[in-house]
């Protein structure tokens, strides 16, 4: 199906961004990409609806992944959130948002696709979130 | 693995039926297809065991998706149920069956595959349902 | 805490109604009681917000428990639903609403209190449902 | 409600057995008690249906709690299982049965009641298990 | 069972503190109480192990409930967290910690006991968290 | 992403081993393969960390799948476990380990990938398990 849910992918390592982007596009998601926390915030504030966020904890210049996710949830209260990380795994229980998943690098492609799909599939049957734009 | 679980796919839009059918066949499922509610009921009543149901809510002539799923559960009490819908999302909490998933169009291919797989994987270790045929 | 969430309790056997009512009141819930399906519908249509429904499947004159729950979910999409039954347990997978619990008689008091509490605690952080009245 | 589900409680420390027995009886459960693994097996093999098992891991003479639970599940495939333990907590992931809960001593009364109630409430809507007797 | 898991209860309204304290003590928990965010932090930093946190979002002088919970999780990564709130419910999806529950006032006593018990019962079978003291 | 989590795949039927191996490698997992229970134990005891186990119940010479999984969990307490089986499905509730999944043959490729991915994604944010080697 074309035009699947839109995901914002935040990753400052170019190769990893490319790899994750291909995997998620193959799964049928529409992707927005950001290589820094600053760019991530701009996408979120841009006015279009975003259904999921996949973010590294270390996200280059600007806010880190924990901060990006909190900002995203203030705008889109039910947005699906997947964190990926090399060394911040232990901070998730204090810094993560509710109903999020964290993947420790290296993870398999299938884990990423399953994580975001499962979260999107479990969204509550609430009235659609009004667009913030 | 060949000859995976059999799914009944009910969708009256030909292009969407084709798209979902390909995605599910790629995932290894054996597919039965119906382009109307009437045809769906015939498949269910046909006597062969069916492990999962993927149904649009608007299902052309005959019963709608809510009715098809209830009929399916009467014949196969543990059949996995995934609804897909454009505009009936809000009715799920009143009209859906327990332990079902509803996907709002447009959804990603990976969401469909994850939804049906997750439901099938969670089936209880009960004795196999006797075939109704 | 006084003035807990309001539950509608539907049961046509007077002794069982009394027993469940006491158990739920001890747990801190505010109770509305109905001894028939007709009375249950009247309560639901009465305009006040109701947070949970505990209903027998055989509910005396009027709609049965399956029908009462569907009506309740149309008015209050996130209302918690617990069914109790002696002999209709097997119909739940076809007739129940999503995210409901069914208790087979005889059940323990603690099961009833845990069932309704767990469902209420898992309600999604959606904006409060507007009152239908 | 009288005559709630029957639980088998296995504990070789008399004071703890008494304490747990009172808490579970207050919750409305019908109790069978065993102060050794041998006695637990006798109860299970006795022919009556048992819906839940609460067992210490160190269970006096005879099989330990891990073995008692496996035996119980062979007779009653969907029996609810709660382990309580002082020092065997770390073995649960290897020795426990699926869909069981383990409580580390000291635990609160409410944890015990919630654990067994939650497991009983989640039993699948399968056809009733035939009595082994 | 005496000496159950220790809970820190943070609430600046004296009557509500008393009410919740009684309910949780009846459930078998050992309680520490704080009537301000400052006092809550002192308890957490005091060196003793704390297994659960029940906190109002508005917590009087000092950090609010969101901040108290993050601090608690930094010290005790698997501590159970229940928030109670009158008007901050909508912020939970952005400000809450993972695997927490939020109860909207007015809630029933049974909801509070079930919430904290369920979270404690689901703690992973990891090695005990080393005390920070 | 290269170098995903390492899975041990235990299957004595060569064609099925090949089929599952391809599916899991496509999903991005690093695979170790064993065609007997004896070989499985050698891999587990070999000293390298293994994050997931996919095992047939009938596993050729040596321990069966139930025994392999218990051995694996003793070495790696949080290892993900997926059983596949033709005729031992009914034994899972007594012989399986907690938080495992069992797939009845014939299953779809997508079910296998979803099962192991979901289990790995749900691993608790505990400190990394020390390698047993």
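For clarity, chains are labelled A, B, C, D, E and F in written order, and residue numbers in each chain start from 1.
The working rule: contacts are C-beta pairs under 8 Å (C-beta built on N, C-alpha and C of every residue); 3 or more make two chains touch, one makes a residue touch a chain.
Remember, predicted model here, so these are calculated numbers, not experimental data.
> Going by C-alpha centroids, which chain is farthest from chain C? Tell me that one.
Measuring from the centre of chain C, the most distant chain centre belongs to F.
> List the interface residue numbers of chain A and of chain F, divide the shared ones by all numbers used, and answer same when the ratio is over half, different when under half.
Different: when the shared numbers are divided by all numbers used, the fraction is under half.
> Distance between chain A and chain D based on Cα centroids, please, to the nearest Å.
One centre to the other, that is 42 Å.
> Taking each chain's centre as its mean C-alpha position, how far apart are chain B and chain D in Å?
Chain centres of chain B and chain D, defined by C-alpha means, are spaced 37 Å apart.
> Which whole number of Å gives the spacing of the CA centres of chain A and chain E?
29
> Of all residues in chain D, which are in touch with two or more distinct other chains?
77-78, 90, 92-93, 113-114, 118, 125, 127
> Could you pull out which chain F residues touch chain B in their complex?
Result: residues 16, 19-20, 89-90, 92-93, 101-103, 105-111, 113-115, 118 of chain F touch chain B.
> Spell out the residues on chain F that touch chain A in their complex, using ranges where they run on.
Spelled out, the residues of chain F in touch with chain A are 1-5, 27-29, 113-114, 116-118, 120-121, 125, 127.
> Given the complex with chain B, which residues does chain C contribute to the contact?
Residue positions touching the partner: 70-71, 73-74, 77-78, 90, 92-100.
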